Amino acid sequence: MIRLEKRPQPSKVWTWATPVLAVVATMIFGGLMFALLGKDPVLAIRTIFYDPLFGEFSSYSRPQLLVKAGPLILIATGLAMGFRAGIWNIGAEGQYIIGAVFAASVGLAAYPAESVLIFPAMVIAGAVGGTLWAMIPAVLRVKFGTNEILVSLMLVYVAENILAYAALGPLRNPDGMGFPGSRNLSQYPSAANLDLIPGTGMHWGVVAALIAVIFGYILLSRHILGFQIRLAGQAPRAAAFSGVNPGRLVLICMGIAGALAGLAGMFEVAGPAGRISIDFNVGYGFTAIIVAFLGRLHPVGILLAGLLMALTYIGGEVAQLTLGLPVAAIQLFQGMLLFFLLAVDVLTNYSLRWSGREVA
Amino acid sequence: MKRRTLLATGASAAVAAAMGMPVRAEGHEPLKVGFIYIGPVGDGGWTYQHDQGRLAVEEHFGDAVETIYQENVPESADAERAITQMVLSGADLIFTTSFGYMDATNTVAGKFPDVKFEHATGYRRDHPNVSTYDARFYEGRAVIGHIAGKMTKTNKIGYIASFPIPEVIQGINSSFLHAKKVNPDVEMVVIWAYTWFDPAKEADAAKAMIEQGVDVILQHTDSTAPQAAAAEAGNVFTFGQASDMAAFKPSPRIASIIDNWNPYYIKRVQDVIDGTWESGHSWGGMAEGEVVIGEITDAVPADVKAEAEAMIAAITAGEYHPFTGPINKQDGTPFLAEGEVATDLQLVQMDFYLEGMLGDIPS
Amino acid sequence: MDLSAISPVLLLAALMVAATPILLAAIGELVVERAGVLNLGVEGMMITGAICGFITAVATGSPMLGFVGAALGGAALSLLFGVLTQYLLSNQVATGLALTLFGIGLASLLGQGYVGVRAPSVPKLDIPVLSDLPWLGPILFRHDIIVYLGLAIVAAVWWFLRHSRGGLVLRAVGENHEAAHALGYHVTRVRMAAIAFGGACAGLGGAYLSLVRVPQWTEGVTAGAGWIALAIVVFASWRPGRLVVGAFLFGGITVLQLNLQAARVQIPVEVLSMSPYIVTIVALVALSARKGRGSAAPGSLGQSFHAAR
């Protein structure tokens, strides 16, 4: 009988070895699945993991990795703060939507005026929108002890309806022949979030993601707030004794997460997506939760996890195109990767022990 | 013309090489045709029909053509990347099959002038290598509206609508107009589902209509759920939408309006092969074989069936336009004078109901 | 506007059907959450159940065997979640989300080749005598057997949680797994059983969509029903009785909205669509405010359990 024994400290070796192990396991099982589907497994794996980075057209797909990873990293970094403190904001998708709607409203209100102030105003609006939306579950938790997992999740659906209303009503493009959806902000110079250096995929959102990672790292490892966050997550009672105000911590963590999610929405609506539409949100807020955990709630880990996640998306698209793999197989493959990554994490915090009898 | 500067950077040298590839000049390599789909090919409706078109292209041209596709492409940043990657993997002609790809299609087209783009249901052609295409679904709606007007006993026809956009409003008006012609007492009950595809919601919409006395249902949403709801209720008739929905023959599904992209896709691929491809807007209908009325079953009386077939023949021959005056708008103001035929511009801007319709279009 | 066109009897009858898939999925999730596990993968299990049920029904020609297949399919998928979260102690939120992604991919892969196929239909019961009762007959007694199965499962769960020893253990495990463990209960085993039950119920709910409600296999057939089921569990504050109310409310809002449209009542669709979620939040706040600091949620909800000895 195998049983788990908690390590006194997370294993340094396994922290680095487990992701590699998971990727290898996914390649084996995913390769089996591709083989069952009648595709060359080696070619399929190569297409997903290698081609976007070093393949024939990697000069295009590498920047795209940043475009895809940017919002994931930005949101996940914010979420990780809360997760570390035991604050479960799973409604980032809603905060992302509201941030985008706020920002787009500001941009569209200014249309067609040109001013250097418009873009910064949209950035602020996005952050404010996301923060406000995150404050709802935060305040309810602090004031009434309401479970923030559930409130933040409910608010995603509310946000989706607000998005639909905005796309069909007030933000609808008056020149759009009646089709739902707003004007294209990326074609409105004052509001557009374009590549800073053309062709690199480096738009303001990616820059913001990198800044967030750096700040997150400093905050968690050097700042008193980071200490309080870690303490609250690991030993809530000790945190209370040492003077951590749990309510304040909830408000700060949710606020940061909401602001970053709102920013991600803003950069997306002004740049890659371009417009508010009914289907504007494509699940970044939920995927970011997975990214946060894959990155072990550590900013640098999140950076890598976000890039890995983006790689499977881009590589999956390439595999669809060049190998004719159905999108379902790619989703299944991603699901496998996530499962393996989550599964092997146990080795970081626990060691395996053989024992003769079962301990009940 | 706005050209983003992807090509100006050194990093894009490979891109430039790729787009410069004179694929067809060699004469041996097959023409590569790409398709971007909004849904899965297994949706049984909109995307399924486009994919049937892709398969028809493969069958028609054999080894001369190679097709690739990408399904479930969101109308977001992902669309632009999907289209670009398709270009990079060597596509010479790309069909983007949803309205929401409009901006992305035009952006990518600006960067790759040697590749041809075809955007479904859109209206923007910013570059000479972009065409748009659509189908005159309202022609088919006229025929099923006629059948519906004849078949209803309660004089209540239901219409499950998706979004209040001109294409959908054309369909409502066209079917209502022709139902009313054969049955002056008919009234139309419209439910806006605000979705193209949500089986459970469509089923509920159909049931709500049936409970309120509707006995013929038209749908502008793509699932078969309304058909099933009608089958369950009994004595309710429906029409297949997008695909034939033959599983519900002979009743409740008494006919269908099928999106048939095969002829257009084959024609455009041929144009590229011949070097005669030009930018333009194609709005084909029954004459072009793009809008097809599926088998009218025996649940429809023979005389009604004959009338419907006569209308199909007249529209196909160009002798009859479904929007021929005199027609008034809902508020009583004239839309078309006696004998006047609606222009394409009037149709694509249609944002009002016709006289006799009850209720308002949501705004 | 013509409100008289809406028949309350038929509206309520439609509600019974509209509520069934989300009720089935929600009652399963309720048991899972009462055991202290938060499985956000309901949507993935539902759609897997939908295709497993569809394939089984088409292959055997029996819709009832289809539902059995759906329950097995849903349960099998949920055990994947169970092994990961219970034995490998992965985070439940992340694992649940991954399960949804995995389930949707799995279902559409399995479903290739089943598009456009018509499944055998599920007969209506039309209980003699009772179904002819005025008012009550159409509302209550003219449905297919799964509608009643759903309500029966809810009743059984209510009884189980409230009056059986097993239910007591399950609640103890959910409220405080350390204490339950100290008392000698097998926390992990109880949770695995609850997770499997939740998966089976979600599978049934999915199959109700693909075999009765729609009935056809199309990708995306569940269209977010699994997420609504999660909301209902919260709305019901983890009580089976209130769950029925919640399922009717959530299922009912859509039905009512469409009925009002058919009657040409001008309504703001988005406001109506978001209202059940807002009601849920308000209900949550009211519950947690009344109880002071503690919320109505099971004490150990979402936390991993590892026996220290």
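Chains: A, B and C, in written order; residue numbering restarts at 1 for each.
Assume contacts are C-beta pairs under 8 Å (C-beta built on N, C-alpha and C of every residue); 3 or more make two chains touch, one makes a residue touch a chain.
None of the values given here were measured: they were computed from a predicted structure.
Contacts between chains leave no pair untouched here, as each chain touches all the others. Inter-chain contacts peak for the pair A-C, counting C-beta pairs in contact.
With centres set at the average Cα position, the gap from subunit A to subunit C is 28 Å. Rounded to whole angstrom, the centroid-to-centroid distance between subunit B and subunit C, based on C-alpha atoms, equals 36 Å.
Among the residues of subunit C, those in touch with two or more other chains are 108, 112, 219.
Chain contacts: subunit A has residues 164, 168, 326-328 touching two or more partner chains.
Those residues of subunit B in touch with two or more other chains are numbered 40, 194, 362.
Contacts from subunit C toward subunit B in the complex involve residues 5-7, 10-11, 14, 17-18, 21, 108, 111-112, 115-118, 209, 213-216, 218-221, 223, 225, 254-255, 258-259, 261-264, 266, 269. Those residues of subunit B lying in contact with subunit A across their complex are 2, 4-6, 8-9, 11-15, 18, 34, 40, 68, 70-72, 74-78, 80-82, 84-86, 88-89, 99-100, 103, 123, 163-166, 169, 194, 348-349, 351, 362-363.
The touching residues of subunit A, counted against subunit B in their complex, run 56-61, 63-64, 67-68, 164, 168-169, 177-181, 184, 186-187, 197-200, 268, 271-275, 277-280, 282, 314, 317-318, 320-322, 324, 326-328. Note for the complex: subunit A touches subunit C at residues 4, 6, 88, 90, 136, 140, 144-147, 149-151, 153-155, 157-158, 161-162, 164-165, 168, 286-287, 289-290, 292-294, 326-336, 338-339, 342-346, 349-350, 359-360.
Residue ranges of subunit B in contact with subunit C, taken from their complex: 39-40, 42-44, 48, 158, 189-194, 197-201, 203-205, 207-209, 211-214, 223-225, 228, 243, 246-248, 358-360, 362.
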